[in-house]
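There are structures below to look over.
Shared between the two complexes below is subunit A, which has subunit B as its partner in the first and subunit C in the second.
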Partner chain A sequence: MTEEYDVEFVEREDRKARFLVRGVTPAFANGIRRAMIADVPTMAIDTVRFVENSSVMFDEQLALRLGLVPLTTPPEGEFTEDDTVTLSIDVEGPATAYSGDLVSSDDLVQPADENVPIIELKDDQRLEAEADAVLNRGKDHAKHQGGVAVGYRHLQRVEVGDDVPEFEEQERRIVRGVIEEDGELVPTSEFDHDLTNRYPGKEVRVEDVPNAFVFHVETDGSFTVDELVTRAVDSIEARAIELEEAVQL
Partner chain B sequence: MMVPVRCFTCGNVVGEHWEEFKARARDGDEDPAEVLDDLGVERYCCRRMLVSHTDLVDVVSPYQ
Partner chain C sequence: MELRVTESSDDELSIEIGGEDHTFMNVLKGALLEHDDVSAATYDMNPEQSGGQTEPILTIKTEGGVDPLDALEEAAVNVREKTTAFREAFEAAA
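Then we have the complex of A and B:
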C-alpha cells in the first residue's frame, strides 16, 4: 500500500482492545480480521492419553474439554508446528478437576485460565491423563483460535445541522461504535449510543469516514491483543511474500 | 453435564466464571444480570451459556 496508515487506541487492555486504523482499504481491514481469527497459531491440547478415568464423562468428552482450555502461546519462533508440549493432570475425588491442575512440562505453555472446571469427581473417582499440546491455526480447529469476537466498524462522523422544529417530537438516533468529533474519538457508550442525548434538539447527519475502521479485538488469553494483531499482520506479510516469490518468472 | 468451557458462538472462555456465578446468582440472591456484568461476561451469546446451564453430574453419578 502506498497510502500512509495510522493506528490510534480507543481502549487498551491485555485481553481486549479497541483501536482505530486509518488509511487502509476495506479489503485489507477484512484481511486483518480474518488473519486474526484463522491464521495466528496458538497452543492447544490435541491428543490425550487416559491412564484412569472413572468420572461420569467419557474419555472423548473430557479430551474435548481439555482441548478448549486456552494455553499461553510462546513467542514466535520458539516452537514449530510439529513440536509438542506434554501436560498432565491427576485429581482424585471427591474434588473438582480444574484447568489449573494441569501440570505442564514447559514453563512457556501454561493454562491461561486456572478456574475452568474440567470435571467434578465424586468419591473413589479419579482422573489421570497425559495430554499433548500442539501449535496450530484457527483454520483447523476453533480451539486454536486466539482471537475472540474480532470485528470492525466504520469510524463515523456526525454533522450537526439545524434545530429540530419546536413542536416536533424528536426520535432517538442510535449509533454504535466510535464517532469522530473535531478530531477527537468518542465511544458511543459515553452518551448511551443515542445521538439525541449528545445533541439535544438538533438535526444530525451520520456518515462513514472513508478508509477508517475501528477494530474491536479480544483474545482468549493465549497472548495479548498486541501480540495477536502483530502476528496476524506478520502472517499476511509472509503469505504475500510467498505469493510474490511463487509468481516470479 | 459440566459447564461448557467456551461460548458456542464466539469462543470466549466462560467456564472460569461458572463457580462464582453459581455461588452469587444461583445459590446467593444477587441479580444474575448484575453478576454477569461484574464478571465481564458482556455479550448475550456468552451470558446465555451461564444463565441456561444446569449441572447434571449429581444426577447421573448414581448410575455409574
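Then we have the complex of A and C:
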C-alpha cells in the first residue's frame, strides 16, 4: 500500500500558514492536528526563583505569567526532556517588565516575542528572578503548546449552475475556508466569504471534496509552521515504529 | 508504549495500549479498517476521572484466518508509511 499525498500551500508565513492536503483520511488528518496541539514539545518556564518581588502580584502569579511567555524551541535532538535553560529578569520600577527583558543563558532559547507584558512596576518596585525553562508537551500544560489555532476544513468545490430567476431576491451564501474552482484554489476571504459576490445572479452548488483538507496552522513563535507540522508527523511516526517493534516481540 | 493482551482468540484480539490517547489510537484504528482482512476494529477509552480502565483497549476482528496480531503489525507499518509519505509531500511543497 503506497499512499499518495499532495500538499499545496495557499498562504504561507513563518508563524501562520494554510495548506491543502489531498488524499488524506479524516482519521489521519485529525491525528496530525491533535499531535500539533498536544504532542510537539516546546520550551516554557516551569520553575521560578524570586530574588526580589516588591510588585503588586504574588510570586506564583508572576510565575504563571512567565510560564506563558512563548520561548523559541531548539532544533530536534538538541535538548532532552530533562534539560533546563535558565533565564533571568531584573527590572526596576517605574517601568513595565516585558518578555524582552528576560536574559537567556542559551541563544537557542529566547523569548519568541519581545513585547509580552509581565507586570507594570511603580516607583520603588522591583522584580528580580531566575527561571528555569524545560521542554514538555502541550498535553501536560497549555504553556507547552506550540500550535495555537490549528484546524482543518474540507476543501469545497463550487459548481455554478443556472441563472437565478429574474425577480427573485438572491440570498447570501456564506462559505468559509478555501474553494476549488476548476482546479484553482481560492480563499473565501477574497470575496468576503459570500458566494453571491463572486457569482452574482447564479445558482451555486457547494460540495466537500472527499479526502481533501485545508489545514490552518498558527504557532506561538516557538518554531515555524513547517517545523511544527514535521515534528507532529514525526511524533506519530515514532509511535507507529514503537508499536511495530512491540508487536514483533 | 506498553502492550497487554486482555483477550485473544484465533480471529479476535483485545489489547491494551498503555500511554496512548485518541491522537494515535484513531489513526491506528483508521489504518486497521483499511486492512482487507480486518472485519472490525475499534478502541475504547475512558476519561481520566472515571476511575476504571483509562488506557485505551484496541479490539480487532479478522477474517480469512489472519492472525489479528499480524494485522496489527501491518497496520502499524501502514501508519509509518503514511507519515513518511505525508512528510515527503509536505517537504516537497514547502
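Here is the rule we go by: the second predicted complex is superposed on the first by the 247 of 249 C-alpha atoms of A that agree within 3 Å, B and C clash if a C-alpha of one lies under 4 Å from a C-alpha of the other, contacts with A are read in each partner's own complex, and residues count from 1 in each chain.
As a working rule, a contact is a pair of C-beta atoms (placed from the backbone, for glycine too) under 8 Å apart; a residue touches a chain by one contact, two chains touch by 3 or more.
What you are looking at is a predicted structure, and each value in this text was computed from that prediction instead of being measured.
In this superposed model built on subunit A, subunit B and subunit C occupy separate space and fit side by side. Looking at the shared chain after the overlay, A:R176 reaches neither subunit B nor subunit C. Touch criterion met: A:E8 reaches subunit C, while subunit B stays clear of it.
Looking at the shared chain after the overlay, A:K122 reaches subunit B, while subunit C stays out of its contact range. Of the two partner chains placed by the overlay, only subunit B lies in contact with A:D220; subunit C stays clear of it. The larger set of touched subunit A residues comes from C, when the choice is between subunit B and subunit C. When the two structures are aligned on the shared chain, A:E237 is found in touch with subunit C, with no touch to subunit B. Touch criterion met: A:D39 reaches subunit C, while subunit B stays clear of it.
Once the two complexes are overlaid on the shared chain, A:A246 sits against subunit C while remaining clear of subunit B. By the touch criterion defined above, A:H141 reaches neither subunit B nor subunit C. Using the contact criterion defined above for the overlaid structures, shared-chain residue A:R49 touches neither subunit B nor subunit C, since it reaches no partner. Put simply, subunit B and subunit C get as close as 19 Å, counting only Cα atoms, in the superposed view.
On the subunit A side of its complex with subunit B, the touching residues are 54, 56-57, 61, 65, 68-70, 99, 112-120, 122, 142, 145, 148-149, 218, 220-221.
Against subunit A, in their complex, subunit B makes its touches with residues 1-3, 5-6, 10-13, 15-19, 43, 55, 57, 60-61, 64.
Considering their complex, residues 1, 3, 17, 20-24, 26-31, 34, 69, 72-73, 76-94 of subunit C touch subunit A. By the touch criterion given at the top, residues 1-9, 19, 21, 24-28, 30-32, 34-35, 38-39, 139, 226, 229-230, 233-234, 236-237, 239-244, 246-248 of subunit A touch subunit C in their complex.
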